[in-house]
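Going by the order they are written in, the chains are A, B, C and D; count residues from 1 in each one.
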Amino acid sequence: MAYSGTPILAEDLLFKPKHSIIDQSLHSRLGATTTNGDGFGIGWYGEGAEPALFKGIEPAWNDRNLRELAGEIRTPLMFAHIRASTGTPVQRSNCHPFRHERWLWMHNGAIRVFHHTKRDLMIAVDPSLFLYIEGSTDSETLFYLALTLDLTQDPFGAVARAIGLVEKVGREHGVEYPFQGTIATSNGESVWAFRYSSEGKSRSLFFSTNVATLRQLHPEVEILQSVGEETRLVVSEPLGDLPGAWNEIPESSAGVVHPGTDEMRPFQPIAP
Amino acid sequence: MAYSGTPILAEDLLFKPKHSIIDQSLHSRLGATTTNGDGFGIGWYGEGAEPALFKGIEPAWNDRNLRELAGEIRTPLMFAHIRASTGTPVQRSNCHPFRHERWLWMHNGAIRVFHHTKRDLMIAVDPSLFLYIEGSTDSETLFYLALTLDLTQDPFGAVARAIGLVEKVGREHGVEYPFQGTIATSNGESVWAFRYSSEGKSRSLFFSTNVATLRQLHPEVEILQSVGEETRLVVSEPLGDLPGAWNEIPESSAGVVHPGTDEMRPFQPIAP
Amino acid sequence: MAYSGTPILAEDLLFKPKHSIIDQSLHSRLGATTTNGDGFGIGWYGEGAEPALFKGIEPAWNDRNLRELAGEIRTPLMFAHIRASTGTPVQRSNCHPFRHERWLWMHNGAIRVFHHTKRDLMIAVDPSLFLYIEGSTDSETLFYLALTLDLTQDPFGAVARAIGLVEKVGREHGVEYPFQGTIATSNGESVWAFRYSSEGKSRSLFFSTNVATLRQLHPEVEILQSVGEETRLVVSEPLGDLPGAWNEIPESSAGVVHPGTDEMRPFQPIAP
Amino acid sequence: MAYSGTPILAEDLLFKPKHSIIDQSLHSRLGATTTNGDGFGIGWYGEGAEPALFKGIEPAWNDRNLRELAGEIRTPLMFAHIRASTGTPVQRSNCHPFRHERWLWMHNGAIRVFHHTKRDLMIAVDPSLFLYIEGSTDSETLFYLALTLDLTQDPFGAVARAIGLVEKVGREHGVEYPFQGTIATSNGESVWAFRYSSEGKSRSLFFSTNVATLRQLHPEVEILQSVGEETRLVVSEPLGDLPGAWNEIPESSAGVVHPGTDEMRPFQPIAP
């Protein structure tokens, strides 16, 4: 889940929605696994120059610290992630979101047979960035590939090139569909989101309808009066059942949420 | 799950069965909750005078230490438990099984509104035993009540008196059905199991058919040749689908597995 | 450590001082134990009606979440505690500070042979409060005894009565010196601190000199210009070596830090 | 600590000696750091084809599971390690000993500025082994370099070549003294130990005097009667003060403990 907009208490995002991400950690309706109990993380832009991270290796639904902090963190831009491990260890350094300077990154999906392509992909990371890799996941390696391939200047292009490289290396190792997943990344001002899989059957991704439209549809929903027009949520699963509130991001698409008009466009990997 | 019989590697019990307890921690079919990710524990009789305990606060399916140890622990009598918290914190001292000297205890169920009856129940624990209570669960308090009420000499009677006291105190606090659950306890030689609830709708409990009968039913199942005739399993959910292998323990019943003929009998609480 | 004054970032208190509490967790100079690696906790008054808590069971020096959060928490009143267990388990519910509604409580010391006096002391807790006890420490029991004995209306008196009860019960169990330690408690506006031990040899406790005096003594220290005159620290060990900055609270004393003139007075337990 | 000899209960090694490794975790006398509270691990040869591992991320002195298991594990060959992190995260995959098939490996020391040489060193690991690296430590990378350079066939040579490579890469990055430390590795039959540092000032390493000699020196020490003549301990710090029991392994030396006569020899890295 990525939130961008009017500064809001984290608990309003994490705990209060009917089908919140914490509830999803126990009972996912659309995810590949029904239980996402292999760690969690949140990242948010606050006091410091870099975003802050809070991560845990126990299930999110059990973490009392998370519940406490959610009542204290007020932020205009937050990422939240619950993890179902695809094999790599459940440890803090493998929990999303990942951070590099001002950037946050999270990924819901997999690089297929990463076990075998990992070495080739890690060698492709710029040596000056390599030393910042802390964990052992495919998702973090993909982040550093995107950073190597110019994420900070050209996010759409960098992710396309990174996934293009993953597909090339994967196919060299005989993998038919090397990549699948959704990605969100931010520099603290904009949020970019991607939905793509080599086989054309990606996990779900939704964005919230703009607030002005929602207000017209649902004049009775109070919270819509108090958040600003720029407010937007990008989520793997809708957080509630409000009709008209959620729009699916189509297969092979990418978008950006930022001040001004948000944008959606087709997405294809760029082969190296 | 309680195992008693031919010494066996823990992994043969915990990881190898088709519908093992570890698998149940993610996908329970009969339990009150589908996910039991709030800690786990095993207790077994081995080298020492007292049984040994290994407990964890993360989901059992994630614990690499458990997987390692299961390949090294060989024991004739083991308890294993996966926890879905009913509100008390997820911490080691709240994980089952509980131990006092030679005795192990585990409980799958609840003392209703324990929050309110806890003080009265704890005061009823013998002062010489009170100091050994380490955690904050209803289940551990029930264990110490049973110990107070002569568990080591008269297990059937002590549990009946302990639940009788729970029902009396609960009703004084206006609780209609104060107790529900299944219990297993052992002194290292025998295993006693109980199924009871104040409302007559307890959680499921099964015991395995005796090995001689199973061999006749299933001459093709190899493992049945290698375990001794005394071997018996007591479980909340069957570990596999072998026809004739599992027998449900009836509502309001208790049984004992021990050298010689096992025994089953009706169970009713004894009011104080 | 207790801080009260100008809102400040937690990291300025927890990590930046030369001899910070995090550094003390590895290398205590005055404490009973040189290593305080058995969990930690912070409590602070922020967004909510109740103070927030963040606690961990690993050593404070290792906790990356603590480091992250310290850069985001800005508060006018914070408690921080590092624990060296006197025997009770290292688990979240045993970490200080403890909270009840608006009140925080922490204790550095011990009720002697609590193992044996625990039952008597717990029975003395008001039944309406008993159900909020979550852990198994002497310190939390003492907090609930103080709450039972009117902490919210008369802090000095309630602590005196609570320690008086501890001494009475301890002596009934043959303990010569039943209590020793320092205590800090707050309702979000004032901080009360106590130094007392039955044998008259309590652990150390210091308070910071008032800011106006410090400014005169050290015009060169910049941070003294930016904090308000009401700012005050109460600590077990001085956080630095600034001459004139720290004053030891005498044996058998108690004080209160609050808006207006702070106060110090002799302290003696009140027998029940 | 590495033990090889008569099968023994782990607690006799880990907890009973006067200056045991658990005690060393709180109060090291000879180590670089006085507190080794950043995780621990034990590895032992038991029931399975591969050695078993038990690791924890909390301080060893707090781990109740370790205490329980130590009373149940009986083994002829065990490694135990307590960690003081040199910067990499405290997580299970970074705790020693490391395992690959039948081999165990532990290291007490550091590859200097590993942060900067890591990429070059990881690329030197054989691609067929690369995928087994789970953590982010210098020590694990060194293990996989040694495996790449023929550890299983020529342990003395492989470690010499691995450290030779570390020194070459380190010097290319401007590091004067790239390596320091002691290493122990085993295939379940023999234990190889190394003491070396680029600057000639390695951490301490000791081996126990052979049992026959110790019996003559100390006919009064009972345990010496019950362990076999092949029994040998290799430790960073002596576990007790028995005169004549401990011999320091000289700077730049390596040795092997195995059935038959043990052996010690000078050690020098082999440049690639």
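Please note the rule applied: a contact is a pair of C-beta atoms (placed from the backbone, for glycine too) under 8 Å apart; a residue touches a chain by one contact, two chains touch by 3 or more.
Everything quoted here is computed from the prediction, not taken from an experiment.
**Student:** If more than half of the interface residue numbers appear on both sides, call it same; otherwise different. Which is it for subunit B and subunit C?
**Tutor:** same
**Student:** Roughly how far is subunit B from subunit D, going centre to centre by Cα mean, in whole Å?
**Tutor:** Inter-chain centre distance comes to 40 Å.
**Student:** Give the residues of subunit B that touch two or more other chains, as numbers and ranges in rising order.
**Tutor:** In subunit B, residues 64, 89, 92 touch at least two other chains, as defined above.
**Student:** Among line, ring, star, complete and other, which one matches the pattern of chain touches?
**Tutor:** Looks like everything touches everything, fully connected.
**Student:** Under the definition above, what is the set of subunit B residues touching subunit D in their complex?
**Tutor:** For subunit B paired with subunit D, touching residues are 9, 46-48, 52-56, 64-65, 68-69, 71-74, 92.
**Student:** Which part of subunit A faces subunit B closely enough to touch in the complex?
**Tutor:** Those in contact with subunit B are residues 26, 34-35, 37-38, 57-59, 62, 64, 85, 89-90.
**Student:** State the interface residues of subunit B toward subunit C in the complex, per the touch definition above.
**Tutor:** Within the complex, subunit B touches subunit C at residues 89, 91-93, 115-116, 118-119, 122-123, 127, 130-131, 133-136.
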